[in-house]
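In structure tokens below, several structures.
Presented sequentially are two complexes of chain A, the first with chain B as partner and the second with chain C.
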Partner chain A sequence: MISLFTETFLGVFRPPFRKKEFFQQLHFVANTSLAIIVFCVSFAAIVTILESSFHMKLVIQNDSMVPGFAAVLILRELAAIVTALLLASRIGAGYAAEIGSMQITEQIDALKMLGIDPINYLVVPRFLASIAGTMMLTVIANVFCLLSAILVSQLYLGFTFGMFISSMHRFVHFQDIIFSMIKGACFGAVIPIVASYFGFNCKQGAEGVGHATTNTVVLASIGIIVVDFILSYTFSHIY
Partner chain B sequence: MKAETKVGILGVFCIVLLTVFAYLMGVISPFSNTKELFVAYNYAGGIEEGSPVRVMGIKVGKVKEITFDPSFKMPNGEEAKLRLKISIDKKAWSSIRKDSKFFINLAGVIGEKFLEISAGSVDTGEFSNGDYVRGEDPPRIDQLISQGYGLAGKLLEVVEKNKGSVTSVITQLDHLATNVNKTLVLLDKATKNREVAKLLDNAIKISDDLAYLTNGMRSKKAEETYELMHKLLFRLEPMDGPAIKKFFQQEGIKAHLF
Partner chain C sequence: MIEFKGLIKKFGNRTVLNGLDLIIREGEIVFILGTSGTGKSVLLKNIVGLMRPDEGEIWIDGEEVSRFSEDQYFSIRKKCGMVFQQPALFDSLTVFENIAFGLRRHFRLSEREVTDRVQLALKLVNIQGVEQKRPTQMSYGMQKRVSLARTIALQPKILLFDEPTTGLDPITTTVINHLIQDLSKQLKSTSIVVSHDMNCALSIADRIVVLDKGQIEAIGTPDELKKSQHPLVRDFLAEVLSL
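Entry: the complex of A and B
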């Protein structure tokens, strides 16, 4: 997997640059996943702010800091990781099944025979599209999470828009969303590498494709969580 | 619509969202309506970039920048090595005068630090944009604790040096307390004794009678009587003993005859 990542990374700088494939993959990653991601992260944000309020009231009988805390949690962790895990399930499985099917039907061998590098043709556009798409979706997820939190805090917790933003100012910095985008990019890099690895190593038959898909989702999710820990630990020294 | 166009629209949407977020966070402010001041401190008590600035308790700006400048001196020569660049809304600018004080305070449940500016008097002038002002350094808790430790150490030293005297004073105080206690017990017993109670009753009655008598002595009539007696004594004073004797003898004779 490490050699696949290295070859893919080097392939990014090696021509030919396949713009059309890149945009098609980016459309698949970002545009077609947008609705499901916005829907899911919004509910995650609602649960987060309601739970934060409940626990703060329980512990210190005061939830005036909840918007700030919830906003930090959303920006630093929730939006990026929920987006990445959803994408791992959706596009990771898709990539693994697609490349796996190509592998068992010997299409990849055919590509090699035609003198086309399968990594450059299949993995690099997906790799770049996944990075760019996850970054874009992370920004959108962050903003929709915050909007959901603002809406819920206004309807159920009694915070106005101004109070929410004012509380956010105390804890949130612009760099939080930048770090969130960096996280998104790293998570986005994990998914196609894992999916391509299992796709290329797919065993014959429908069962093999199924295994490749399942393994991709599981390993990509684990990889995302581990990378999240590493990045959070690293960023904690910068905050 | 082509995939590239859709992706492009999504990309533009992301950039717009990022810009809105940056605006809300105060990173970019194209419609800025603020002025700036530099506040100098030697100790800023944990204030951070982005901490709110309040005038009369209302948020009107924020700390934009913190600079360490070891060589900085105020115009009066005072050293102030920490410089805070603060932004203040123009609507609150006129409330900040040259005699305004710049405090660092705590607020909220988690003790959030903020810069509080007291409103100055109207007689003093306004600041100009970019002026330098000396802030009020907040008290240092660590220093107070350290001084407290020093004081406690000195007290301990004094006590150890005068151990004998202190022990003696405590012993005497103990004796005194014991004696006072005994006296109080005796007094308690005495008030419960029947004869003493009778004695006290009598004393009360006597004091009542005396009060009644002395009350009459304070009247106007009594005062006239005192004055009359005084005059009489004044007249009697020059008369010597033999003359009085002679007078009484004569008067006595007269009385005897009539």
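Entry: the complex of A and C
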């Protein structure tokens, strides 16, 4: 898998650059995942803010810091990781099944026969599209998370928009958004590499494709969480 | 010329090709027969580097290719056309694009020439009017023929067919078999045909190779094989001779 990653990474800089495939894949990653991601992260944000307010009130009888806390949590972790995990199952499974069935129906061999490097043709566009798409979706997810948090705190917790923003201001830094995008990009890189690895090593038959998809979702999710830990740890030294 | 020297291919501890020696001369049509699972497809894939042998050598036109890198293999693959056992069509592309893909890649052709060659190739395999269909919208037999068309459109010097007629109706089978014969005459190409069709092998092969358990059990011209007393060869012949 490491060699697949290196080859893909080097392949990014090697022509031919497949713009058409890239935009097709970007459409698949970003556009078609947008609705489900906005929906899920918004609810996750709502739950987070309601819960933290409830517990703050319980413990220190005061929830004035909740918007700030919630905003930090959203920007540093929630939006990026929920987005990435949703994408891991959605596009990771899709890629693994697609490449896996191309493998077992000898389409990959047919590509090689035409002198086309499957990594350049299949993996690189997906890799780039997934990085770009996950980054964009992470930003969008952040925005929607914050919006829904603001909305809920206005409706249920009695914060005005201004209070929310000023509370947020004390905790949130501009770097948080950048770090969140970096996280998005790294998570986005994990998914297609894992998916392609299992796709290329797919065993014959429908069962083989099933295994490839399941393994992809499991390993990509684990990978994302590990990468998240490493990045959070690294960033904590930079703040 | 293609030459195998002591070719060994293993999967885990299962030996599929077990020290195979064979010379295929230029312009020859060689049929490879053998029961299911003896390694016929594996042998073809070794020629074009889609699988690599564990031991032994493969010589193609004076070059030992089995240790070639993927990039080096490009020149070999350009010379070879392979019809896979499965149709192996790119299912994100239409039939036209499937055939045009390799043409555009290997030759500098105008769009007009590409269209002409795609149509000619489809005509040769006896289907027409499917250019804009997707592979998934067609029957297995049609896909198989498009797959043949995709390969012959490139007019390669070495043609590798993995069961080109299995699963096709008898009329199309005859068309395809004649096509293989014509191609090798017209292009002077070398053809290796993996097949179960002894009848056809006897009529168009220059030589027939019978594989069993990763080794060559019998080899010879159709006439020589007809006289062979080898039990496996007789089994293959039984069906044809009883007709």
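Assorted remarks:
Everything below uses one rule, namely that the second predicted complex is superposed on the first by the 239 of 239 C-alpha atoms of A that agree within 3 Å, B and C clash if a C-alpha of one lies under 4 Å from a C-alpha of the other, contacts with A are read in each partner's own complex, and residues count from 1 in each chain.
Here is the rule we go by: a contact is a pair of C-beta atoms (placed from the backbone, for glycine too) under 8 Å apart; a residue touches a chain by one contact, two chains touch by 3 or more.
Here the structure is a predicted model, which means the values were calculated and not measured.
By the document's definition of touching, of the two partners only chain C reaches A:K112; chain B does not. With both complexes superposed, B is the one of chain B and chain C in contact with more chain A residues.
Of the two partner chains placed by superposition, A:R14 touches none, neither chain B nor chain C. Using the contact criterion defined above for the overlaid structures, shared-chain residue A:V139 touches chain B, although it does not reach chain C. In the superposition on chain A, contact of A:H55 is made with neither chain B nor chain C.
Of the two partner chains, neither chain B nor chain C is touched by A:K203. Judged by the document's definition of touching, no chain A residue lies at the interface with chain B and also at the interface with chain C.
Here chain B touches chain A in the complex through residues 3-4, 6-7, 10-11, 13-14, 17-18, 20-22, 24-27, 50, 52, 59, 62, 108-110, 112, going by the rule given at the top.
Listed in rising order, the residues of chain A touching chain B in the complex are 23-24, 26-27, 30-31, 34, 60, 62, 64-65, 136, 139-140, 142-143, 165-166, 168-170, 172-174, 177. Chain A meets chain C in the complex at residues 105-107, 109-117. On the chain C side of its complex with chain A, the touching residues are 45, 48-50, 70, 74, 77-78, 80-82, 84-91, 101-102, 105-106.
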